[in-house]
Each structure stands twice: as C-alpha cells, then as structure tokens.
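Both complexes shown next keep chain A, but they swap its partner, so chain B is in the first and chain C is in the second.
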Partner chain A sequence: MGQFVQFAINGLMSGAIYALIAVGIVSVFKATKVVNFAHGYLIMFGAYFYYTFAVIIPGQEWAPAWLASWEPAWLMESREGLPMFSPMGAVLDWAQNLPRILFGIAGALVANAIVGRIIERTLMRPLMGQSVFAMIMITVGLISIMSGAASIIWTADADFVPHIAPNAPIRFEMFGTTIFLFGADLVNMLIALFIFAGIVLMVRYTKSGVAIRATAEDQSTAYSMGISVPKVFSRAWVLASTTGAIAGAILATRNGISPSLGLFGFSVLAIVLMGGLDSYIGVFLAALAVGVMEAMTQWQLGGDWAEIVPYVAVLVVLLIRPHGLFGSKEVERI
Partner chain B sequence: MINGNLKASYAADERVLNNSYKQLFVYGMMAVLACFATFANDYMILIACKMGILLIAVVGVNILTGYTGLISLGHAAFVAIGAYGVTILDNVLMGVVPEGLMFFVIVPLAVAITAIIGIFVGLPSLRVKGLYLAVATLAANFIVIFLIEQDLFAPWTGGMVGVNTPSPNLLGWVLDTNREMFILIAIIAFASLLAAQNLIRTRVGRAFIAIRDRDYSAEILGISLLRYKLTSFALSAAFCGLAGAMFAYFYARILPEQFELDLSLELVAALIVGGMGRTMGPVFGVILIVMMPEVIKVVFAYFTGGDASAARYTAPLQEIAFGLLLVFFLLKEPLGINQITDRILRAANRWPFARG
Partner chain C sequence: MKLNRRSFLATSAAATAVMGTPMILRAQPSEYVLGASLPLTGPFATAGQLVAPAFQLAAKLFNDEGGVAGTPIRFVTEDSGYIPQNALANYQRALATEGTAMIAYFADSTGAMKLIAPELKGENARIMGSTSFASELADPSTHPYQYMSGPSYQSQFDILLENIAAQGGTSVAFIYSNTEFGRDPIEHGKATAERLGIEVVLEEATKPQGADIPTHVTKLAQSGAEHCILQGYVTGVWPQLIGGARQFGLPTRFYGTFWGMEKIIADRITQEAGPFLEGYEGVMPYRYFWDREDAPRYQKYAELSKEMFAGTPMENYMSTWAIQTMCGLEIAMKAIRDTAEAGQELTADNIAETLSGISDWDTGGFFGGPVTMENNSIKTGRVYAYDTETGLFNPRSDWLSV
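Moving on, here comes the complex of A and B:
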C-alpha cells in the first residue's frame, strides 16, 4: 500500500506537468482550430532557452559574477559547518543559483514568446481559413525545421540545468512505509497546477478569454462582433509558447536537456485527444490519469513499458468515445 | 491532352492507359529504366533503389490519404512489419521451403500479414477521422516499434540491435548486388504504380474517391464505409508491407529505429510534395525527397571544402530543408509538383494558343 501511494504521488506529479504542456495545445486549438503537432518542439526550444540563459550566458567571461553564483556574506556564513545533503544546505544551494534561475526563466519566456509569434505570423496567418489538413501538415513540417534548427544552434549534446526550486528530499511515513519525495518536484507540480488554474480562470473571466471563447465558437460571428480574430490567434500562440517555456524549463531540470525532449509533445498530444480537444477539465483529468497509469506501469512492468501508456490509452479511448472523454461532438452537415 | 484522345468504344475509355501519350510515357519509362540498370554507376543505382523502395510505400499512402482521404502518420509501422515479416519468415521457413521458391512464398505471406494488421490499425477510422485518425495511427506506429524493440520478441526481431536480413533468391538467381536488386525493385515499383492506376479505375477505387469527397454522402449512395475504409487501409498497408520486404532484401541489416516517426513523416511529405490523389504524385515527390538531402550534402561539402568540423551541420540542414519543402508546398502549391507539370503539359499542348 505504501508503495502504491509513493507511485501514485510520483504519477500525479508528472501528470501535472503533462497538464501544463497540454494547456498549450488546447489553447491554440480552442482559438485557431489548429492542433499543434510541433508543440513538443516548442517545449524543447523553451528548455534550450532556459539552458542558454541559466547556464551558457552566466558561464561567459563577460557575465557578472553574481549571475553565475550569488555569494553574499550572510549566505556563505550560514553555509559554514552544515552537514552534506542537509535540507538547509539544499535551500542555500538554491539561493546561490537564484539569480541565474530567474534570469533563465525570464529569458526563456521572452525568447519563446518571440518564437511563438514568428511561427504564428509566418506560417499560420497565411493559412487562415484554409483546410485543417494543410494546417496540421504545416505543424508537422515545423517539427523538422525546429529540431534541425535546435541541433544547429545548441549542438545535440545532453546537459544539465539548475533546479527551479530547492531540491531538498522530503520523507514522511504513510501506511508503514516511508514516502520519499524531492522538494523540486513538489514545487514543479505546484507551479504547473497554478498556471493551469490561472489559464482556465483567464479564459473564463477576462475580456481576452471571452474573445478566445467567442472565436472558438464561431470565427465569422466573432469578427462581426468586433473581436480582432488575428489578435486572438497571436495571443493564443504566445500563451502556448510561454507555458511551453515553463514546461520546458521544468522538464529540463527533471531529465536534463536533449533533443529528445521534443518527443514529449506526441505523448501529450495523445493525452489531449484522450481528454477531449476543447475541454480544459477533460485534458486535466486525462493528464493526471495518464501520469498515474505511467507510474503504475513503471512499478509493475518496468520503466520502458511506461512510454507507450499514453498511446495505448488514447487508442482505447478513441475506440469507445471518438471525441475524447469530455470533448464536444462536432456537428457535421452534408 | 486535347488531341489524339479519340475514343470509339467503351473498352477504349476504360483502359488503364487511356490515351497514346500515357502509353508512350509508360513504354518510354520502361526503356529508360532498362538503360539505367545497365549504364548507371553504383552511386546512382543506390539512390534509385532508395527511391524505388520509398515509392512503393508512398503509392500505398496515396491510396489511403490521396484517394480515400484518411490521414495516417503511422505508415512506417507497416513498412516495419513488412521488413520484419520477411526476415522472420525466412528464418522460420528455412529448410521447409526450397530456397529458390522462398521469395515467392514469404513476400506474399508478409504482405498479407501487413494487410491484416492494417485492418486492425484502421479500425479507429470507422469512428474517427481527420486529426483523431492521424493521432491514432501515430500511436499505432509508436506501439509497433516499441513491441519490436522488446526483449520478449528479441529472439525473432533482434530487439534494439536489429537483425540481419536475407538476400532474395529467385528460382536460383541470388540477387546479392545492388544492381540486381535495382532490377527487382524497379519492376515491383513499376507494377505497383500501374496497379494503383488500375485500382482507381475500378468500382473499389471510385468508392474510395467518393468517401474522400464526402463520407456521409458516399454512405447514402450505398457505399459501405466499414468495408471500403478497411479495404483502403488493407491495400495501403499491403503496399507498405511490400516496400518493407524490399527494404529488408536491399539492406544487409534492419534496425527498429529506421521505422520510427521520421519515416512516416517522410512518406506523407513525399505525397504532399508530389501531389495527393494523383498517380504520378508519389513519383515526383519521392524523387524530390530522396534527391534533396544528397544535393544538400554535395553543395554543402563544395562550399565548406570538405571541412570535417562543418560536416556536423549537414544532417540538421537536411532536416530543416525537408521541413521547409513541406511548408513551402503547403503554402504555395498545395496540389504538389503534379499540378506544376500539369500546367506545363497543358501549355505545351495548346501552344501557340492561350496557356489557360
């Protein structure tokens, strides 16, 4: 039972990150009716930007010393005499890295927003009103462009980046076994949930959120009601790329950065279809469910079986409910 | 073509090559390929074999995506099943079937197995279409490759490290050079193209096109969606399985990673670039998609002077060019190269009059 709880918690934590990635795909779909197959590569760009601003730039000679490692006197003092691997030590390590973490996240957000805008302007805007097939295939072409560009700019080597939150181990007892967690994972989960909730509330209550929903409902009516549909499109893409940047930074701290980060996009795409393309709630539940199922598969069958869990799950769900668990059914007229 | 196209009987109208230009083109291409097999150098033969293998698979994708209108991003899985099917069957039936007949037994068997698996993968197409189907087939691709890589099946598939493949033996003639393989691949690719052209002429092909244009309308006209969508999946999987069989015979060793998503995307990209729902579309698309990386390699090596440190940029550049090619055609010429050649032929045919 204790092990079950341990794996369930691990699953929920990775499920929350899936939800954060999925929110980008759902937002773009809701506004523009385009399913972004290249979202995983947008996330990879976010991760690489975080790496650039948090590792490469602070490592340069011309960068100020406090950016690479912040060492005020009080910090160094309190570090003295601390045992290795103590929770306090982890927090202090994090405090030392804090400037470059913040710099990295800020840089990743801005750079990824620019990338998202460029994609929207150059590839999506000319295709407004064209067939869905063309739009999907454009994002497929984008996969190759982005992964090629990433390996030219950053080389294909894997590397590590600083954690976003103090990575102190947390232990507690439940059902007679010790549950073991990392602080950084817990904070990542909270960040993901917070952003997800923020976006759902934004779409529900703010003016631009209403504009997104109206555009999703009917583009031409939205146009005639004075909503600037192109603006809604670019806002949705910026939203997707900035949440993608944060998701990328989190994934980079968990697994290290490598070109294979782009493949996450496909399993998340499966999750999105499972939940229903236009339902935030459905996608959220599907993400958590797949996260837990993956963790359980990892526990029972071994690590490599976990990677096909989203795909098997989406096939089963599509056969039973073609529009996903909570998706709205499209009405087709002949 | 406007002139030279008189048909005096229904039989003439129903022929596969229904005008003299098409006949001339087909016989001419046969002669060109025969010359090519004799005179081309080894490098050109290698490239042509790659094109031939890809062409068979793209013809399969064309049946599904171009004619029936169902998007698939998982056809690499069928190529994998064909390739592994031939290899495994060859190992299993070794000694049971005489060696000279092996090719004629295991290739149809492998193709049949692929077609059956194609029907299973096609099952979601009865309930979902468009994007949902694209993701369902994508999922199927991941699952098939994952199963091939499993240790459980490693005694047959070789797992992650791949497996050595046999050379084909046609009634005692062992095709162990690339040039001999080219003859086989060229014949099969040519036959697949003609078979696809023939298919579209028949009742089944017309049903496919009706489904592509509007599936519910087709159903109202009495076309069974269940039957024809699954037939389409089975046929296109069969062509891909045949391509896989040639793939296994052509290369000395096959690895699971050769059949991942990249190959699926390449197949679809070749189809879009060439022209969907046209017989010659796959041909143009495959030529462009296979030539493009080679051209980039040569040009890049020329400009950098063969510098080894610059060589690491070749693969990413090829990748970017592939994506740009796909995006360019979707934005500027969605009907593919076939549309361009159509325009040129029409202008040539009407010369010196208006080019409309």
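Moving on, here comes the complex of A and C:
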C-alpha cells in the first residue's frame, strides 16, 4: 500500500505539471475557439525567458554580484559544512539563488506576456470573423516560426536553470513504507494548484471571467451586450502566455533548457481532449488522471507501456464522450 | 571500303571506344565530395551545432595534406532536424547533385543509417559513417558500406560490465530511454551480465525527454542496485536521474555510454546544480581533447582550432561529439586514400573493402594504440570518471578491447 501511495503521489505531481501546460490551451480555446497547436512553443519561450533572466543576465559582468548569488555572511556561515542534499543545505542553496529566481520568473512572465500579446495582435486579431480553421492553421505555422526564432536567439545549446523552490528531500512513513518526495516537485504541484484555482475563480466570479464565458458562448451576442470581444481575445492569449511562462520555467528546472521543450505541448493536447477543450475542471482532472496512470503503469508494467496505457484511456474516454469528460457538447441547429 | 557485317562491327567497336574514352577520363572529378546530414535543428541540435565546425576543420586539414592523391575534397553538409527521412532526402539530393564526385556520406542517427542502407546499391552506393554506435550496423554482411567510428553500444556495455565485474560488483540496473538508441544494448547487456555473474535487478525504460524522475528513482531504490548503467540520453534525463538518486540518498554508482560523457554538459550541471556528478563514470572510445601529449593528431586539431575558431568555444576544446565525427572522417579518408594509392577506382565497393581491411592503424592518438576494424567497428574503449573539482573526466581503467 505504501508503494501505491508513493507512485500515486509521483503521478499527481507529474499530472499537476500537465495541468499547468494544458490551462493555456483551454484559455485560448474557451475565448476564441482556436486550438493553439503552438502552445508548447509558447511554453518553450517561457522557459528560455526564465533562462535568460535567471542565468544569462545574472552571469553578465555588468550585472550586480548579488543577483547571481546572494551571499550574506549569516547565510554563508549557516551553509558551511552542510551536506549538499541535506534539507537545510538545499534550502540555503535555494536562498542563495533567490534573487535570480525571482528576477527570472518576473522576466519570463512579462516577456512571455508581450510575446502572447504580439501573436494575438498581429496574427490572430486580423483574422477575427474569419474561419476558425484559418486561425488554427496560423498556430501550426507559428510552430516553425517560434522554433526557428528560438534557435536564432538562444541557439540550440542545452543548459540548466535553478529550481524555483528549495529541492529539499522530504521523507515520511506511511503504511510501513518510507515515502520520498522531492521538495521542488511538491512546490511545483502547489503552484499549479494555486494557478488553476485562481483561474477557475476568476472565470466564475470576476467581470473578466464572465466576459470570457459570454464570448465562449456566443461572440455576436457578447458583442451586442457591450463586451469587448477583442479585449477578451487579448486577455486569453496573455493568460495562456503567462501560465505558459510558469509551466516553461518549471519544465526547464526538471529537464534543462533545450529546443525539445516545445514538444511537450503535443503530448498534453490528448489530455486536453480527454478533459474537454473548454473545461478547466475537466482538463485538470484528466491531467491528474493521466499523471497517475503513467506512474502506475511505469511501476507495474515498465516504461514501454507507460506512454501507451494512459493514451489508450484517453481514446476510450473520447469514444464514449467525444467532447471529453466535462467538455460542452456543441449542438448545431440548422 | 566495302561495308560488310564484319567491317561494320569493327568500325562500331572502334567508334564506341573513341567515344567512351572521354567518359573514363571524366570519372576523375576536379574535386571529391563528402556529404553529410547534421541535426542542426531539432532535439539534438546541441550536438549538431557543436559538430558542424569539425567539417570545416576536416576540409582544411585534409586539403592541406593533399586531399585524395592531389585532388581536393569538399564537404556538403545539410540540416536533417534529426529526422531520418530528411537525412535520406539529403543523401538522394547530394547523389543527384554531385554524382560520382561524391565518394562518402556521413549520417546523423541510427534511424538515418537504417533508412539509407537499402539505397546503397549499385551506382547509388557510397561508404557511410555516422554518429551512431547501433550494434546492428556493425555487420558487414548486412551493411557492407556502413561503418562506425568506435565500439557499438553492445561493446560499450561489455566494457562497462567487465569493469563492474572487476570491481566485484554483483548487481546492476539498466535505465534507458524507450527509443531504438536506448534499447539497443539491453538484451546483449543482460547476457553479458549473466556471463559475468552480475544480477540485473532492474530494467527501466524512460521517456527520452521529460522523464518522470521521482518514479524512476523510486524504482531504482526498490531494486537495491549497486551499479546503474544509463543508456540512450544526450543532454537530459541522465543528470536529473543521478541528482534524484543522490537526493534520495542512494549510494548507487552511475555509468554512461558515449553520448552521456560530454564535459560541456557535466560542467554545466555542476555549475548550476552542484557537484552531484562526482564519481560518475562511463565508457569513452576516444581520448578526451585535453589528453594530447601522446596524440599528434589532436595536437594538429588544436593548432588548427586556435587559428580557425578563435573567440568560440571550439578554440580550446573539441567536444567528444566532434571528436567522434573527426574519427569517422579520418577512417573514411584513410580508406579512400589507401584505395587511391593502390591504384583502384574510388567505387563504394573498393573503398568498403579497403575500410574493412584496416589493420593495426595508428590513428594519431584517438585510441590507446593501433586499431583494427572488426565488423566495420573499432571495439576498444576506456572507462573514465568525472571529477567535479577539475571538471575533467579522468581514466579509471586501461584501454579495454572486447
């Protein structure tokens, strides 16, 4: 039982990251009916921006020394002699990196929001009123543009970034088994949960959220009711870009920086379809379910099955519920 | 002259001979071409972009040495994006454009080698090296024109397992990416481990990117493996696995094969995440670039690199990936030059025959001593360990041949 709990928690932590990636796809779809195939590359840009602000800029000669490594006397004294992976050692290592981590997150959020805004204003808004298919094809074209641009700006070099949270090992007993967790993964999961909860509450209870829901329901009616649909579009893209920046930063801490980060978006598309393209709750549950299924399959059947079984489950769900677990069924009246 | 059947045939034969002579003369091109596909974009672009300058260096070096019997050589390199179909298209385009002037090709993956292999027939055949150490390619009966510039992954596993056995190791885990690259030596490794009396306590396949590290580390901890060999990764997953295991408090010793042995990656991990790679070991077919004292060929590369790549990372250090490419090109050039010196036409068959017969060749320091091509591969290597203080991989074993 203890082992079951261990793998279930591992799966939930992976699932939370999937959910954070997926939230951007749902946001854009909900407001614009466009499935953004380039979302993975928006995340990749977020990861590269985090790398730029947390690693490249602090490493420059002109950057203040405290930005690269904050080393007050008390911190250095406390750190001295502590083993690398001791809980306190990990926390103090993180504290030393805190200025550049915060600078990295802030930079990634702002820069990715600007990128999202540019995409929306220059590529999406001119197509408003045209076929949604044309807008979707634009996002497919964006994949090439963004991957090419990233290669030019950052080259294809692989590199590594600091963890957003202290990566202290956490151990506790459950059902007679020692459960082990990575501190950073736990915090990443909490970040994903907070962002999700925030977005769901925003969509339910704020004016902007109501505008998104109204636009999703019917653009023309939303227009006639005085809602600025272009603003809703813009907000959806900025929301996707900023959540993508956080997802990108987290992915970069787990996998390092490389152009292959863009590919994560594709694997999450299946999860979004399973949950329902326009349902935050559905996608969240689907992401957690796929994460847990992957971990359980890895545990019992091995890695060759781990990539297949969850997606077979996605297919089964789609056969039974073509609009996903919580997706709205579209009724077309002729 | 009276035209009868006999005189008509004689005249026709003479005319054919006269017209055919220029065709034979044209077979000697003004320059020879060596084509290549590189992953300049895509998931392995990091490696591709570090390897690309090696072709400039090779062109300068080989032409300064007189090319092939006085005829200069030229490299034609194209991006494949690490997609085998693109590499095949590049090969076909190079064949169509360069024709018989193209005498060798360099591919960038096992997939590309396998996809191009059936094309290597008759006039379309060329000798072909690559970045791959896939065991399947080390078989001249099925891949007569393809070769590898070192030991296959199976041979690399043999070297590591023999080293583990020599240290008294009794249990090992294999963690590998669920790709062709990752799976290649696993079955063979199990057989070797059994022969050496080492128990394989875990076989764990992972995603090649974005693997679920906590889950894999948990399984490694459950297995109780003393040693763990990682296979099928380049820049990611393997460092995170080792870091995770260290955080978990596992005493497992980790080993890698060629693609997990690059100093640039190990240094960056150490700089960003701390010295947890201390003692990480692995098999390398070649000397590292800083070990130049007994390697005159490396000294030559260093001299040229200073001149050609001033102000770039290549000025002082050549990555293991670029060294592998240089070794592959050196093997091809040796076979081509030896074939030309023997007065034979530079056909794929002749060059391949010369290549498979390379014996006791002094490579100028790539390997520990003279090497011989066996099944179109070179079955030698050495175990190195990473030192986080110096940032160097230091030898842990002598040169081992399997």
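FYI, the second predicted complex is superposed on the first by the 322 of 334 C-alpha atoms of A that agree within 3 Å, B and C clash if a C-alpha of one lies under 4 Å from a C-alpha of the other, contacts with A are read in each partner's own complex, and residues count from 1 in each chain.
As a working rule, a contact is a pair of C-beta atoms (placed from the backbone, for glycine too) under 8 Å apart; a residue touches a chain by one contact, two chains touch by 3 or more.
Keep in mind it's a predicted model, so treat the numbers as computed, not measured.
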- Task: Put chain B and chain C onto chain A via the superposition and say whether they clash or fit.
- Result: clash
- Message: One more residue to check, A:Asp159. First (chain B), second (chain C), both or neither?
- Response: second
- Message: Quick one: is A:Tyr311 in contact with chain B, with chain C, with both, or with neither? Answer first, second, both or neither.
- Response: first
- Which holds for A:Gly2: it touches chain B only (first), chain C only (second), both, or neither? neither
- State whether A:Ser151 touches chain B only (first), chain C only (second), both chains, or neither. both
- Task: Pick one for A:Gly198: touches chain B only (first), chain C only (second), both, or neither.
- Result: neither
- Does the superposition put A:Trp299 against chain B (first), chain C (second), both, or neither? second
- Task: Could you tell me if A:Pro72 is touching chain B, chain C, both of them or neither one (first, second, both, neither)?
- Result: neither
- Clashing chain C stretch [against chain B; choices 114-122, 168-176, 276-284 or 384-392]: 114-122
- Query: Just which bits of chain A does chain B share with chain C as contact spots?
  - Reply: 147-148, 151, 155, 304, 307
- Sites on chain A touched by chain C in the complex: 3, 6-7, 10-11, 13-14, 55, 84-85, 90, 93, 147-148, 151, 155-162, 167, 169, 180-182, 185, 251, 254-256, 258-260, 263-264, 294-295, 298-299, 302-304, 306-307
- What residues of chain B sit close enough to touch chain A in their complex? 71, 73, 123-124, 127-128, 130-132, 134-136, 138-140, 142-143, 146, 214, 216-217, 220, 261, 265, 268-269, 272, 312-313, 315-320, 322-327, 330-331, 334
- Message: Applying the document's contact rule, which stretches of chain A touch chain B when the two form their complex?
- Response: 35, 123, 126-127, 132-134, 136-138, 140-149, 151-152, 155, 266, 269-270, 273, 304, 307-308, 310-312, 314-315, 318-319, 322-323, 332, 334
- Query: In the complex of these two chains, what residues of chain C are touching chain A?
  - Reply: 40-43, 45-46, 48-49, 178, 203-207, 209-210, 212-219, 221-222, 234-237, 239-240, 244, 246-249, 265, 268-269, 271-276
